[in-house]
């Protein structure tokens, strides 16, 4: 922002900022419009995709002998509206969507919203700790590598993160299962909870939290144990990207004059790194963490399948292979929404951390 | 505002190509506006009239952000002006957009500030120069013409096969000049062509430009923030402040007897070498944001001589031979 | 009187065995503004960096550097933290790059004060207001809450100077503090530094490539070329009657005075690339006065008048160089 | 994956161009230009030649090794990769260094032949995605306005789906086969290139050398070909190198889910899937997994090195 | 950790590991294996089978029944002490409502009872009429989907047995969350993705089950094996079969029955494929397959197929008649028919069924027939696409597992005979079929005496092996793996895998 001077002798002062609220409102309005457009696009694409597939939901959801009975097939198609022209089906879906009705899943027979409410917390229970771990480790290790640029520890980190990026997630899942479950027997197999425990009363949908809330400490601990391996795998996958990114972002910051200036002021290394470097390096990290979260969600598909984790990834996988249109649409919409919301948060956070950035 | 196109050249040269009567480059009441979400509308050039005759070097000076580059880019046709007209050899300059540039306008060329960005790093020098040669030229003629041009700027013919990264900043600027010459220009707009260079390369490039202008009888609008440099080469100098030209005069006269307080302040701020240390005079404040220009005379808030008339905008009026000034102090009778 | 800062045959070798500074001998007295001039790449900034131990990791420094009686090259980590900011401080070329864009100015202005001077938060703030006043920034209270991007380049440089002065350093190194600024703004900064010298007895090592600025501000000047001191002496005398062909060439290349084609005299050839200096005098390939002797050994600076040294053995025999 | 991972950082966040930093205050621009160019000349990255970096050399060796393995598979593989044998699930031994699978096929031979699938397919995927994304990005960047807007929204749309789910859906919709897996992966990966090229084009559009050429009377199409294109593809090519590893991974993931090349093709991901049914036969999964790991690692290291060299800006990581 | 010691939790939790997709627990809709297992424990049926004995339906809610000689009318006498979980008495009204609702819902399981109508004669007598003679009605009425629901309760929740039930019945949602049956267990909680919990029905009319709580948890096969290897508590695994059984601790109990067969189907319609419709080609493929090798891929108890009826059911061909490979014959057949280097696409669903990836079997077949000079191109499809393609009748050659609709071998005739369900999608019309095969099928359906019917079935199968487009390759078994301390964990090839209520401790 350029300042304005009126006093001849006084030099200048920070110009008064124009009122910010309208900017923010405009920004949000635009983002919401874009989000709506995006969600609409998602419905179109999914609808089109499901309809180019040979075979419809009736085949996927009726028994083989039932398929031989035209009456049963007709009843099914009528029940799910599959006998209507596609554009009508689409309009119908949109209409319900506007009323907050995502339709009923053909494979579970329950409202898609109910399914999402059930599966999303399970996935978040994996994704959130993984993301937090990855962020903390990624930032710390990436920063360390940047500071020790060119030395042995930097090389180790670099190779390590490249290894992480290069490991197939499904293979890693199998390897850790083999090691920690099959060979060592130190971790539980799949699932969210050992069978002797009943799922805790649902508050957040996350077993660890719910069990703790209900005071069922044994169950909470058991749920935590079940989390360890899948979270480990997801963290490994995400942290590699983050480390690389943080490292190069911090390297760039380290070359800035203001870091030299901070040293020149006589500040101890700790302060320079912890305050000056971290603050500036965090901006790109925030950007990438938005993307990393999206990729993490995507990574859950494979990991959940291998660990038998009943989350969104498994649900998505089964919906896709079962051609369960309402579920696929529900998942796609949800993920698209998360994607845009995360991006929005990233942008808002950006503005919060970096005073130079204005929402426009 | 009553801009008076002031034509003429101190050094006699060949007649202007277009209409023999008018100046070669004629900028009339030009305005350039940028709209950005952050700052709103920025009037970077707020009604400037200026003309350059054949064989004439006109210097344009002013503080950073006063709109010099915006003026140059609009004048050459890289951006569409918001208002006003630019005429080159008598015909209006059309902004370069989707169409190919009309052949008649190729005689108006520009030399850019950053020699590192103004040459395509992935093409050979020769190819880039050839961009400006007529399409019908045979391979042999083309090669010949390229080496001629390179020779003119003091670079060897073998340069044509090389890439820009093999040259220093000063050499690149010379190559950029050779490329501009390929269009056989009669007018060159040079936007801070030496700012990015070392003192020594600066001298080389400036010497080259001035020599070419004199030899080829071209006109040149030489933009710079370095007053001393402009003083060295320009026949006339225009001083710009916040999107407006506040004073134009033959260079020596401008230096010895500036009419605008701003011109005076600029000159006084240049540190000079002398036996006893002598601090340059301080002009208070800095250039205001053009998005938020002061009313009346734009220099009023910083002007040591401001008085009540300055609440109204002073027009640029001629004062004597090929000189104009926009200051109430001068227009109220006195000159100087 | 012993010098505040004295460098004796300081040499700097960058990682990869690239020698960039050779035998730089230089001193700054208390309350004095000393200039370093030279083309781009002549090692001005690296000399400054060496004085604050800010050289690229893996650089080697030889010779000696004493500051206020202390041996700088023998300092340990804690010692450097003590000297930096409180003993020697620095102003960089580009104030935009040298101020942290995401920390409020108040924070950047007080954090080292609290550390070096042991001030409380409120005391540090009070001093910060005082400092901003000293560098002529209006409305200091508000400035403390603002961020660098809210200021113009000139104001930013003033803020940077305030930060450098915060811990009452004895020496300020200013590395081309006005190169990024308009002449009008530059004049203000020069005036400020000059006032500070007069008011608080500040010593300044002022790096620039603009000879006009040197003349206006400094009392003595060192001319660097290819990491060597070519000539030194009182600024006025040095610039009006240079005793080294390089100084003369620098003067000739800059615009001066009246118009005329060819009035600018470029220095032929191009500057030395570090590590590829020719044997003998580094300027010899570009020098119009070079003799065969010049290519044998780098000449030692020798006295050529009152307080003046020149590293050109031929110079005293030449009449007027400029 | 990843990477959605795979999105680039040149365009930080998907849905919208990042909030602009208000850098219009250009008072300090002049010396900056000089400095940054000096800096670039001095270089700030690892400026040692590629062959002097041990890591890069090792990865190059691995990659060349794999390429040789792929080219000479019939000579290297001890057995026919498809030959079934009644003795199934033999653990690694002298006769079968990697053991045999459930049909008694030699895993070493299958891993060797797997290189003939994964590596060329990854190249094809990346080449197609680069071509599609490149052309669209070039058009969007150069034409701007609503063409640009529409294309960017389209890339957003693809980004908004998790890559693997979209690829799965496409692959499931058209039936598993090599062609469809490639198609699916191209569909999910072209937007990255489109964005990178687009932003590179946007940069070039503001470059003075383009202006200079236009001022000399060069037409828009010629300028696009001579000035814009050569200066925009660099980042995308670097990105493509980095994406090669990712393509191998994604292809393996699709195969693992049964949506890749059809059996009995020796595809690494599918081989891992076979082994996943029974952890006790660890050798069935472990060796193809290691094959993927080494190939991807080699691609990644090379891409990294190339990026550091060609475009310091990309040293940012993704 | 895994398995846990259920004993310490009161000795009353039984864990059942299975990889499940349960879409509904409403008997009117249920049709997947896990759903059937759970519904069988929650809902009583008129008749039932005990253990793995499929020879004769046993009394359950009906203490006895009479079948008319024409196999069209069946009269059931209900026990009078049966009550629903909420205490309501179970009467003939509930039976009539349940069976008619099932038929009219026109959901997946409705097909089997489309032929049947229930009426009541008094509060404890129900008559089931078959529109077409069907001696197997009592067997059908053992199936979980014929479970009796509390009519009053279900009607309250929107259920109806009216002719338009397919459109108007809305009780499914309720029944997915609450059980309305008279069985030994009640539904405690149901989470379609992770687990299904049953609790003992305190008002159950029969002998109390041993376990007060049963957890069916969703677990992939791999984990089932690992979990069972370590289990200390009361635990069952339902999907371990074949090769997965290798390496399990010897202490674990296994119970199995060969109740599934895997077969190739070659389209008999020349318009679809000249090659597959050529009987010589079919016979050549039949001769080229390494039956023992295929069976070995399934591991465990799997065996080479002799005919289409799996050994778990009366009417199967003896193991001595198992098919075997004869490459010379295969080549000869091809040569005689003038088929050179025939090439056909083999479509199969890309799924893992009972621990075996079907792609592996298909690859094995591909390798076998190649030795006879036949080229198969594998064409895996997602299950849905496979089913769809199969339904279209345009698939030249396909491969899939098949089990019985209900535990009577004769039900296969309904499906496989020329012109019937599967045959229709294979282009095997009556016109194209061999007269003898058609006649043999008719004979099976018309023979009401069980022993005679079994002989007829065997004759029919022998003819199929010569003149049909089906090539059964191997039988595979369902297996129940149980922890050592359990008793009664018997695999039931009856549709419900295991009778949960019968599981106890030794």
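In order of appearance the chains are A, B, C, D and E, and numbering begins at 1 in each one.
Heads up, the rule we're going with is that a residue touches a chain if its C-beta (ideal position, glycine included) is under 8 Å from a C-beta of that chain, and two chains touch if they have at least 3 such contacts.
None of these values were measured; they are calculated from a predicted model.
Taken together, subunit A and subunit E share the touching chains D. The interface with the largest number of contacting C-beta pairs joins chains A-D.
Each chain gets one centre point, the mean of its Cα atoms, and the points for subunit B and subunit C are 33 Å apart. Between the CA-based centres of subunit C and subunit E the separation comes to 90 Å, rounded to the whole angstrom.
Note: centroid distance subunit A to subunit C, computed from Cα atoms, is 51 Å. Each chain gets a centre from the mean of its Cα atoms; for subunit B and subunit D, those two points are 47 Å apart. Chain contacts: subunit B has residues 37-39, 64-65, 225, 284, 286 touching two or more partner chains.
Among the residues of subunit D, those touching two or more other chains are numbered 20, 22, 24-25, 27, 30, 34, 172, 273, 276, 279-280.
Of all residues in subunit C, those touching 2 or more other chains are 40, 93-94, 97, 149, 152-155, 182, listed in ascending order.
Chain contact summary for the complex, subunit D toward subunit E: residues 82-84, 86, 88, 102-103, 172, 175-176, 258, 262-264, 273-274, 276-280. By the touch criterion given at the top, residues 1-3, 7, 10-15, 150, 256-258, 260-268, 271, 275-276, 279-280, 283, 353-356 of subunit A touch subunit C in their complex. On the side of subunit D, the complex with subunit B involves touching residues 20, 22, 24-27, 29-30, 33-34, 37, 207-220, 226-227, 230-231. The touching residues of subunit B, when paired with subunit C in their complex, are 63-64, 168, 198-204, 206-207, 210-211, 214, 225-229, 231-234, 251-252, 265-266, 268-284, 286-287. If you check the complex, the residues on subunit E that touch subunit A are 1-6, 9, 13, 15, 21, 23-24, 29, 31, 106-112, 114, 166-167, 172-173, 176, 189, 191-195, 197, 215, 217-220, 222-223, 226-227, 230, 233, 235, 382-385, 387-389, 391, 405, 415, 421, 424.
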